[in-house]
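Which chain is which? They are A, B, C, D, E, F, G and H, in the order written, and residues in each are numbered from 1.
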Amino acid sequence: MKKPRVAIIMGSKSDLETMQEAAKILEKFKVSYEMRVLSAHRTPNDVAKFAESAKNNNIKVIIAGAGGAAALAGVIAAHTTLPVIGVPIETKSLKGLDSLLSTVQMPSGIPVASMAIGSSGAKNAAIFALEILATADKSLSKKLERFKKDLAREVRKISVIKK
Amino acid sequence: MKKPRVAIIMGSKSDLETMQEAAKILEKFKVSYEMRVLSAHRTPNDVAKFAESAKNNNIKVIIAGAGGAAALAGVIAAHTTLPVIGVPIETKSLKGLDSLLSTVQMPSGIPVASMAIGSSGAKNAAIFALEILATADKSLSKKLERFKKDLAREVRKISVIKK
Amino acid sequence: MKKPRVAIIMGSKSDLETMQEAAKILEKFKVSYEMRVLSAHRTPNDVAKFAESAKNNNIKVIIAGAGGAAALAGVIAAHTTLPVIGVPIETKSLKGLDSLLSTVQMPSGIPVASMAIGSSGAKNAAIFALEILATADKSLSKKLERFKKDLAREVRKISVIKK
Amino acid sequence: MKKPRVAIIMGSKSDLETMQEAAKILEKFKVSYEMRVLSAHRTPNDVAKFAESAKNNNIKVIIAGAGGAAALAGVIAAHTTLPVIGVPIETKSLKGLDSLLSTVQMPSGIPVASMAIGSSGAKNAAIFALEILATADKSLSKKLERFKKDLAREVRKISVIKK
Amino acid sequence: MKKPRVAIIMGSKSDLETMQEAAKILEKFKVSYEMRVLSAHRTPNDVAKFAESAKNNNIKVIIAGAGGAAALAGVIAAHTTLPVIGVPIETKSLKGLDSLLSTVQMPSGIPVASMAIGSSGAKNAAIFALEILATADKSLSKKLERFKKDLAREVRKISVIKK
Amino acid sequence: MKKPRVAIIMGSKSDLETMQEAAKILEKFKVSYEMRVLSAHRTPNDVAKFAESAKNNNIKVIIAGAGGAAALAGVIAAHTTLPVIGVPIETKSLKGLDSLLSTVQMPSGIPVASMAIGSSGAKNAAIFALEILATADKSLSKKLERFKKDLAREVRKISVIKK
Amino acid sequence: MKKPRVAIIMGSKSDLETMQEAAKILEKFKVSYEMRVLSAHRTPNDVAKFAESAKNNNIKVIIAGAGGAAALAGVIAAHTTLPVIGVPIETKSLKGLDSLLSTVQMPSGIPVASMAIGSSGAKNAAIFALEILATADKSLSKKLERFKKDLAREVRKISVIKK
Amino acid sequence: MKKPRVAIIMGSKSDLETMQEAAKILEKFKVSYEMRVLSAHRTPNDVAKFAESAKNNNIKVIIAGAGGAAALAGVIAAHTTLPVIGVPIETKSLKGLDSLLSTVQMPSGIPVASMAIGSSGAKNAAIFALEILATADKSLSKKLERFKKDLAREVRKISVIKK
C-alpha cells in the first residue's frame, strides 16, 4: 500500500464535513493521503510530534483546517518546513472572519498558505496540494491541466442562458 | 531573591514597548516577574517547555502578548492549567483586530483571558494578574483596593472642568 | 451548605442558555456558585451593590455575560478588585462583535478578562475561574490537569480518520 | 448666574479636545452647561450620583463622550430618564468602531442617542441637545433655524467651483 | 382628537414590523403619533415636504427607520430643526452595519440620534422621544420614572437563578 | 462656450482635493463639466433643484462624492433618471467604509454606481462617465480605447524589473 | 430579431437566481439582452474574447455579477471600454462583503460601477444600464421617468399607516 | 545563466517596495527568479500570456502581489496549474482588508494561496515558494531547516529580558 503523500489535519471532529471536500479531490486524483484530528489547543504535543515527523514519513504537503482562534496551521508550520495549507473553518458567530485572520496573518519566517473560508477553501486546499506535488510530477501536472479544462467545459456547457 | 510569580511572554522583541506597560505595573506592586521573548511560530518547543514547567517553577499567572495570527497565548494555555492572559498587540495593517480575534476566540476547554488591544491591554493584563494573585493574598487585595481608590482620586481631581 | 465561590451574572434572562454552560462546568468540578440576572442598564444599583459586597461574601471570581453594548462586566469590574471574566453574548444583527468589543476594550486601570463570543466563551469562563481558584488550591489544580488530559484523550480517540 | 441646562460628561481628560466642540456650540447659543470628567469604570459611584441628581439639578439633557468599551453614556442612561446623547470617541487601534458599537447597541428600555465618531459627533451632540431644548423653547427654535440657514449659506457661497 | 406629537417614518413597508415596536411604546404612554412610509430615494419630495411642515403640524420629535444606504433620517434632519431619531433597520447581507453607519455618521451641523440596529432600536427610539417630550412635561417625566422602575422590578423578579 | 455634459458634485469643500482627480480626467478628454459643492444635509433643496433640472440643462452624467453618512449620490439619484456615479470619500475614523456602504447599498429602484474609496474612485468616476458618453459618441469611444492602450503601454515600459 | 444591447454575465450558474432580477427589468423595458455564465477564473479566455468583441457585437453596457474574490466585472472592464456594472453576489460566510470589496475597489484607470450586494443590486444594475442607454435615447428616458413616478406612486399608496 | 524557477509578479510599480521582500529571500537562498509588473486590469493579455507560458518557461511557482480589488493572483491562477501564491498589498483606505478578501476568497477549482497583508506576506510568499521547490529538492529542504533553526536562534538570543 502506498504511503500517504498528503496529510489532512483538522482541529476538531466538527470540521470533518468541511475537510472531506479536500479528501474527495485527492481521491479523485488517486493521491494517497491520511486524515487526522489533531488540536493545537487540546493535543499540542501530538501536533508537534506529527509535524516534526511528517517529512520523514514521506508527507510532502500538509492541509490544516481549524476555526475561531485557528492556530493549527500556524503551529504545524512552526514544526516543519513542509508547505502547510490552511483552511479557515466557518464559525457560528463571526462566520470565519476570525478563522481567516488567525490563519493568514502569520509573522514573517513561518508561512501558512490560506485558502478561502469553508468548503471551497477545503476543496482548493487539495487542488493546491496537487499543484505542489505536480511541480515534480509531470503526469500529475497533465492531470491537473485536464481537470482545469473540464472545469472550463462544464462552465461552457451552461454558458449561454439567453441569446 | 524572590522567584517570579508572574511570567510576561511576548512573541517578538518588537512587542516589548507594549508589554513593558505590564512590567511597570508589577514593579509598582513589587510582585516578582520574569519577562521573555518566546514565539509560538519560531520557537514552539521553547514555548511548550516553558509552559509545561511554569507551574513547577512557581509561576502563578502567565501574560502573553502577540500580534497578527496571535497564537502565543493559546498555545501556552494548551500546555498548562495556569491562568493565561492574552494581550493582542496592535498591528500595522489590521490595527490589532487580527490579534484580538486570534487571541480571544479560543475553543471550549482551553481558555485565554483577552485584554484590550495594545498598551491599555498590557497594563490591564498586569492588574488582572494581580487580582488573580490577590484572591489568595489579603495584603495584595488591600493594595489593589488602594490602587483603585487612587485611580478614582485622580479622575476626581480633574473632574470639574466647567461648572 | 458551602458559600458560593464563583458568581455567574448575566444581563438578561435570555442570556441564560449561554451562561448555563459555565454553570455546568462548575458543577462538574463541584465548585459552589451563585447565578443571577443583574443588568448594568436596568438595575445598575443592584449591580453596584452586588459587586461591592462580593468580596466580603466570599466570592473569589465573577463571570459576567452580556450582549450588545455589553457594559455589565466592565461595570462590575468598576466596583470590585475581584477578577471579572466577561462573556460576550452573540447578538442578532452584529453576531456578538458588538458584545466582544464592548467587553474587551476596557480602559487601563479596570481590567475585564474577555472570553470568546457565545457558549464556548461561557464554558471557558468557568474553566478560567477554576484556573484562578486553582492558583491557591492544589487539589483543584490536579483536577484541572486531569480535565485537560481527558480533553486530549477524547481528541485522540477519534484522531485517526484515515491512514 | 444661570444654572446649567446641559451637562457634558467625558470618561477621561483625554476626551476633552473632542468634547470641547460640544461646549463651543452651546456657548455660541448662550445655553448654560457644565462639563465634567466622570468615568463609568474609575468613578462609577460619582457617575451614578451625578446621573440620579441631574434632573433635580435642572439639567435637561446629558451629553456623554467615551472611547473603547464606552459604557459611560449607557450607565448614565441607566440612572436617569433624561435624554442622554452619546459621543463615541475615536480610539487608537479600532478608530472608534469599538466606541460606536459600545455606545449605540443599547438594550431595549434604556436608550442612548448616538452621534458620529469623534469631533463631528461632539458638535452634533450639542446641536441635538439644543434641538431637544427647542421643543419647548420657541426662541431657541428660531435660533436653530437661523443656524441651519447660515450653514446653507456658507455652502452656497462656495458652491460653484467651476461652471 | 389630539394632534400627533411624534412622527414615525419608515423608508419601506417592509420596515413596518420593526417600527411597530416604536408605535407600541407610544401607545402604552398614550402619546399621540402618526406613522408613514416615506422614502428618501423613491419619494424625496414627500420627505422634504413632510419634514419642512412637521414643526408647524405640532410634531415635536421625528423617528425615522431605514435600511441599507439609510439616508432617510439624515434627509429629514436636513429639512427641519426638530430632533430626528434614526433606527438602522437590519439588512439581509450586512445585517444592519450598513444601515447603522449610514444613519449615525452624519456631518457636523445636521445631527441624527442613532439607536441600536433593529427592534431594540425602534423601541428605544420611542422611549427616547418620550424622554425628549418629558423635558417639558412633568407628568410624562413621572411616567418614565415609573416605567424605568418597572423595568428594574421585572429584572429583579427573576434575578436569583441559583443561590 | 460648450454647455457642461458632466456635473461633478461634492458634499463639502473638503472633498475638493479628491474630486479634482475627476475634473482632471474630463479636461484631458476635453469634455465640458461643471463642479459644485452641494450638500444633501446642509442644502437639500439646492440638491433637489440641481438634480431635477440637470437633464434639461444638458447634463448627461452626474458624479457625486461624499463622506461618512454619504447620502449625496443617493439623494441626487432620487431626483433624476440620469446615471449617478458615487465616489465614497475617505473619512478620518472609519477610513471610508462608512462612505462606501452609504453610497453603494441603495434600495432597488434607485441605482447609484459606486466607485472605489478616495482619489482612485474619483478618477474612475470620470472615466466611467466618459464610457457612458462614449456609448453614443464614436470619437470619444476611440479616445477611450487609446487611453486604455496608453495605460497598458505605461505598465509595459516598466514591466520587466528583473529577468 | 433585435441584437442584444445589454449583456448580463455571471461567474457561476448559482448566481442566476440573483441576476435574473436584472433580466426581468430589461424585459419590462423591452430592451434586448443576452445572458451568459462566464468565469474569470474557470473560463478566462472566454471572458476576454467576449469582452473584446462586445462593442463590435452592438453591446452598449455589460452587467457582471460574481461572488467571493469577485474578479469578473474587473476583468471584463480590463478588456473593453464599454461601461461595466458590477453586482456583488451574497456569499455564505462573509455575506457579500468580500464580493463588494473585490468589485468596487478597482485601481484607477479601469472603472467598475458597483451596485449593492445581492438582488437589489442586480435589479439596480439593469436600471442603471437603462439610464446609460437613455442618455442617447429620449423615448427610453421618458420610460424611466414614468418608472420612477410609478415607484413613488406605489410608496404613496401605502404611505399613511396611521394618522 | 540559470533560468528563473520563481516568478514574482506585481500589479503596479508601487507594489515593488513590498514585493522586494520576496526577492531578497530568494536571493538569500540563491534561487533564480524573475520579477515583473503585470496588471490584471491594465495589461490583462500580458498576464494571460505570461501565465499560460510560465510552465514551459521552467517557472515552478508564481508569487503575485496586488492591492484593492486584487484580481492578479486569481487571474494568473486561472491561466495555469502552477501553484500561485498571493500577497495582499496594504491599501490606503481599507488597509489591505480589501486586498486580502479579493485574494483569498477564490471559488472552488482555482486555488490561490494567500499570505498575510504587506511585507510579512511578501517575505513568507518567497519562503513558501522555497518550501514548494524543496518538496523535490533535498538540498533546498536542508537549507530551509537551517533557516528555521536560525530564526529560532535569533529569538533565543534575545529571549530572556528579565529573569
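List of remarks:
In this text, a contact is a pair of C-beta atoms (placed from the backbone, for glycine too) under 8 Å apart; a residue touches a chain by one contact, two chains touch by 3 or more.
Nothing here was measured: the structure is a model prediction, and the numbers come from that model.
For the touching copies subunit E and subunit G, the fraction of interface residue numbers used by both falls below half; the interface is of the different-residue type. Work out the mean CA point of subunit B and of subunit E, and you get 43 Å between them. In this assembly, the C-alpha centroid of subunit A lies 34 Å from the C-alpha centroid of subunit B.
With each centre defined as the average position of its C-alpha atoms, the distance from subunit B to subunit F rounds to 49 Å. Counting partner chains per residue, subunit H shows two or more touched chains at residues 12, 39, 42, 68-69, 94-95, 97, 104-107, 109-110, 116-117, 120, 151. Touching pairs of chains, sorted by label, consist of A-B, A-C, A-G, A-H, B-C, B-D, B-H, C-D, C-E, D-E, D-F, E-F, E-G, F-G, F-H, G-H. Of all residues in subunit H, only 90, 95-97, 116-118, 120, 151-152, 154-156, 158-163 touch subunit B in the complex they form. By the touch criterion given at the top, residues 11-12, 39-42, 44-45, 48, 67-71, 74-75, 77-79, 91, 94, 97-98, 101-107, 109-110, 112 of subunit E touch subunit F in their complex. Interface residues of subunit H facing subunit F in the complex, by the touch rule stated above, are 4, 12-13, 16, 23, 33-39, 42-43, 46, 68-69, 92-95. Of all residues in subunit F, those touching subunit G in their complex are 21, 55, 60-61, 81-83, 85, 100, 104-111, 113-117, 119-120, 123-125, 127-128, 131-136, 141, 144-145, 147-148, 151.
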